[in-house]
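Each of the next two complexes has subunit A plus one other chain: subunit B in the first, subunit C in the second.
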Partner chain A sequence: MSETGPAPSGKPQVRSSNCPSCGAALSLRSFGQAVTVVCQSCHSILDAQDPTLKILQTFQVAVGEDPPLIPLGTRGTIRGTTYEVVGFQRRTIRVEGIPYSWHEYVLFNPYKGFRYLTEYNGHWNDTSILRSIPAVSPGKSSLTYLGETYKQFQSANASTSFVLGEFPWQVRVGETADVCDYISPPRVISSEQTGKEVTWSMGEYIAGRDIWKAFKLSGDAPTPIGVYENQPSPMSEAVSATWRMVFVFAVALIVLMSVFYTFSRDEAAFEDGYTFDTNTTGEASFVTDIFELKGHTSDVVLTTTAELNNSWLYVNYALINQDTGHAYDFGREVSYYHGYDSDGFWSEGSTKDSVTVPSLPPGHYYLRIEPESDPHHGSIPYSVSLRRDVPQLSFFALGALGLLIPAIVLTWRSISFEHMRWAESDYGGAPDDGSLLSTVENAVDSVKDSMSGDDE
Partner chain B sequence: MIRSMFLIYGLAVLAAVSLAEYRGWSLDRVDEVLNVPKSVRDNPGSYRSVYSSYHHYTGGK
Partner chain C sequence: MTQPTANCPNCGAPITFRWSASVQTVCEYCKSILVRTDVDLKKVGQVADLPPNPSPIQIGTEGVYGHRAFVTIGRIVYEYDQGGWNEWHLMMNDGTSGWLSDAQDEYAVTFAAPGRKLPGECKIGQDYSWDNCTYTVSTITKAHYRGVEGELPFQYWDKSDVVFVDLMTSTGRFATIDYSDDEPVLYLGESVDFDNLKFKNLRSFEGWS
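Our next item is the complex of A and B:
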């Protein structure tokens, strides 16, 4: 909306005539610059350059069919310039026998000339004729214009199926043109070839609500359906920015981890060794001496190490705060089995087990220990140690995962958006140009192929 | 908008990790029991562990 220009001042200047076919009043708004004008009453196409408004074509149309969403004569401001809607046409292409129609609005400003709005399924483009010819690649798969590369999206033969108002060319219902769209969202460059004449135009995606606001139309703009060829992805810029931020946060996370691993005390608070004799009857539980946990509230890692040989030791622990009577109750099993079989040596379990007791405030503590094992196993030597303020890798791993998930979701949504866009193209999918989308689609296709191959 | 939200989210993740590390949070399961009597020191058998009914794995091949 940076371009400025003089706006038509005062009331619209309209030349009035009568239709030579039906006699209805005709309003000519484009100051004689229109080449053809269509009677809104009988839909006769008239020669606007001819003083007698010679009839060029007549066609039958039901009254009220396909009325323009922006009525002819409506004025609005596009990119700082006031334009008036002077013409409207519907154009149709057929893909696999199915007709697809879009609408084109002819806008006019006496100083700026003509401009166009196109609409398809609620998607709008602000379109103007190019002054120079783009450089099309040899295979016509892309073109370059003003240093920007546009990928070919779709080509078809379009026919004009409905017209209304004034046009700066010899419009006819039924006339056809070969159209080809090249996209670089939010822009699209279209070529229209009729005979040997090729017209190039550039469109830029514009939200329907902005059109409604520009032309002060009542109600709401129709809700867009699907993804349009040059509709800008709401995620594309956010994806790259998000991954850059993920990288920055990951570096910050590594720095944070270094700080915690450097400054955490990781100090021994208690350590002792015991022997559990399973042959002894009576109460197995006992309590340790009182020890002190100093410093701030922190975690405590309790490690049980037992001399096990194809056996297990289960220990009920209660870490009890002598000052408050608050106990942390947990049970840990240490088991270690090993042997030889036809595959050779095997083992499972470990002679060591660790558990992290969370957020222990400083104070005086003791452990109540109650070991269990197979009866009549004999003596099992084991040791118990406690370390406080031990850094934990798990939270850094969770933090990294937490940073990755939104970026992955955003990337997946962006890929899905592009997939929906290109599904409507001539390719039926993303062109194989090495982009992330085409790489993902190729990978998915490969998996599908391999799976269907397996089925066979 | 998304960038601002992710910036806030990322800072929140870093703050949460820092808090978890500093306060010594844990993913391990530990039950808490309040008001354990001081007599447990004299009679450890009077305390009943939450896990005393645990069924032990007696594995191996």
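Our next item is the complex of A and C:
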């Protein structure tokens, strides 16, 4: 029987070793979870599971090539869990011969395992491996995951072009994988296929400054360039919120308008008919009988209707308050012309004109009327009518416009943002799926097509 | 059956069974693989040195799955070209046994699901349906049996290369078909978050609190 008892399983420690290739000191921070480790000095790719750290691959790098923005060994807190940066790789795709590269940081926590940060042109994603298989639509244009639809954005063949530190898989420089991104900002689901096996991962857009804060990095995060595939639109929330507000105010406006309509008396205050004999010369002005504007101070609509036939009638009005002597002077013109030409019948103007006097106190009033027209044009019969407390649509229309303009501007800016996003996709534009953006883009395209058609 | 406590036929150390249905255990002192017979414990093999365990789980780690508490009482260690993983044998508080697979800290809890129709051979991407749920073959792993520790519900020691087929669903369910015996065995369960298992008695790691 043993005297000492079973050997306690020791507390796992960071394994310090030396690179078998260059002899440089090497730390294995993932307590044996990593499969490969890359020497930071000579960039030999080593078998992390092998006690002697067998060399698996070597690759050439330029001096000081691609230093990680977050140095290996840095710890930071992501969603409440502390992670340490243990690995770093650069992956490159080629689109029409032009290489595009992004960086992936391997994060490790001894309880929670591995997690990844990806960075492209200052845009960051917090990425984890999915434990479910998303349902990809036939034709692969979209997929569904947890009830949410993701649209295919880009597919490419990515090759590993630079590696450093530890990886939980057999990493090799030059190895390629078919990657495909599906987006539902701020999230992106990526499939990665090597051979027959497909790995699914989900990334969520995270601002560089949040990474800088989480890892307590010095300086500022690089300013992101352009719009990234799953970057949340700064407008999208505001757009829907604004339209909700527009809706609420529009309802309020309609209610207000109904109230005004219901309580507006819209009553006739005065009406009379006259004839203006253009053949007579001399003073044509006259005054009407006195009439009463009852009730409260309200608007008054004065309508001039003239039986015109290729002629005009100009009327100088003075609406005079008999009680105070206050006069409201204004002139109105009614003109109506019509005829036939090569295009057929035409007409211009109208035989009727209305004007609103915004707010008149109640009282006794009379009108002074002075008609004018071309002389020797026969008699022009016309009538003058006055209605008080008429509901005004224009006020509400102005209100509605005031609501709509900011909402439309915001929506337009949001559409421009989406346009910039999708311009980088495989489609070069929004997928034709009936969304607002695709509708707008299709409309723009058809306008462009018709314009280029004119050039030919 | 033997009593819960016996002595190792190899070194004489006390052997305690935590679970009455355990068929096999490993002596903590001399690493003899012991199998329960009707009368006593029989040594059937010897565990070679296991690779260092990188997992936070250890024998004696407790946790909760759903409404059932469990204790980790054994494990099988496998290796393959992308690393190693542990299949932890769980004793559930309702007397049944389950498995916690732990591959690079990705966790899944499964239970043996006998009586289902199993394919003789699988291809990646193929769909199978058990218990009204469609599973898709995601990985086929040719693994190497590396060793055992603690109590297991069956004899498991004379192995070399084994094949596992892992299947996933769109809802986080998980299945494994174990082809290490003549008759394949299906395990059904789900992927689980570390935090949801409410572990106690975990290992601690140098530099991590």
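Here, the second predicted complex is superposed on the first by the 300 of 456 C-alpha atoms of A that agree within 3 Å, B and C clash if a C-alpha of one lies under 4 Å from a C-alpha of the other, contacts with A are read in each partner's own complex, and residues count from 1 in each chain.
In this text, contacts are C-beta pairs under 8 Å (C-beta built on N, C-alpha and C of every residue); 3 or more make two chains touch, one makes a residue touch a chain.
All of these numbers come straight from a predicted model, not from anything done at the bench.
Asker: With both complexes superposed on chain A, which partner does A:Met245 reach: first (subunit B), second (subunit C), both or neither?
Answerer: first
Asker: Between subunit B and subunit C, whom does A:Gln170 touch in the aligned arrangement: first, second, both, or neither?
Answerer: second
Asker: Classify the contacts of A:Asp329 with the two partner chains as first (subunit B alone), second (subunit C alone), both, or neither.
Answerer: In the superposition, A:Asp329 contacts subunit B only.
Asker: Once chain A of both complexes is superposed, is A:Ser285 in touch with subunit B (first), subunit C (second), both, or neither?
Answerer: first
Asker: For the three-chain arrangement built by superposition, which of subunit B and subunit C touches the greater number of subunit A residues?
Answerer: The larger set of subunit A residues in touch belongs to B.
Asker: Should A:Ser132 be classified as contacting the first partner (subunit B), the second (subunit C), both, or neither?
Answerer: A:Ser132 sits against subunit C, while subunit B stays out of touch.
Asker: Under the stated touch criterion, which partner chain does A:Asp341 make contact with: subunit B (first), subunit C (second), both, or neither?
Answerer: The first partner, subunit B, only.
Asker: With both complexes overlaid on chain A, does A:Gly32 touch subunit B (first), subunit C (second), both or neither?
Answerer: In the superposition, A:Gly32 touches subunit C alone.
Asker: Mind working out whether A:Phe395 is in touch with subunit B, subunit C, both or neither, as first, second, both or neither?
Answerer: Only subunit B; A:Phe395 stays clear of subunit C.
Asker: Would you tell me the residues on subunit A in contact with subunit B in one complex that are also in contact with subunit C in the other?
Answerer: none
Asker: Residues of subunit C touching subunit A in their complex?
Answerer: Its residues touching subunit A are 11-13, 28-30, 51-54, 56, 58, 79, 81-84, 104-106, 108, 123-125, 136, 138-139, 168-172, 174, 191, 194, 202-208.
Asker: Using the touch rule from the top, collect the residues of subunit A that touch subunit C in their complex.
Answerer: Residues 1-2, 5-6, 9, 11-14, 30-35, 49, 82, 109-114, 129, 131-135, 144-145, 168-170, 196-198 of subunit A touch subunit C in their complex.
Asker: Per the contact definition, I'd like the list of subunit B residues that touch subunit A in the complex.
Answerer: Subunit B reaches subunit A through residues 2-3, 6-7, 9-10, 13-14, 16-18, 20-38, 40-41, 44-45, 47, 49-52, 54, 56-61.
Asker: Within the complex, which stretch of subunit A touches subunit B?
Answerer: For subunit A paired with subunit B, touching residues are 235, 238, 241-242, 245-246, 248-249, 252-253, 256, 260, 264, 283, 285-287, 296-300, 310, 312, 314, 316-318, 320, 322, 325-331, 333, 335, 337, 339, 341, 346, 348-349, 355-360, 366, 368, 370, 372, 374, 388-389, 391-392, 394-396, 398-399, 402-403, 406-407, 410.
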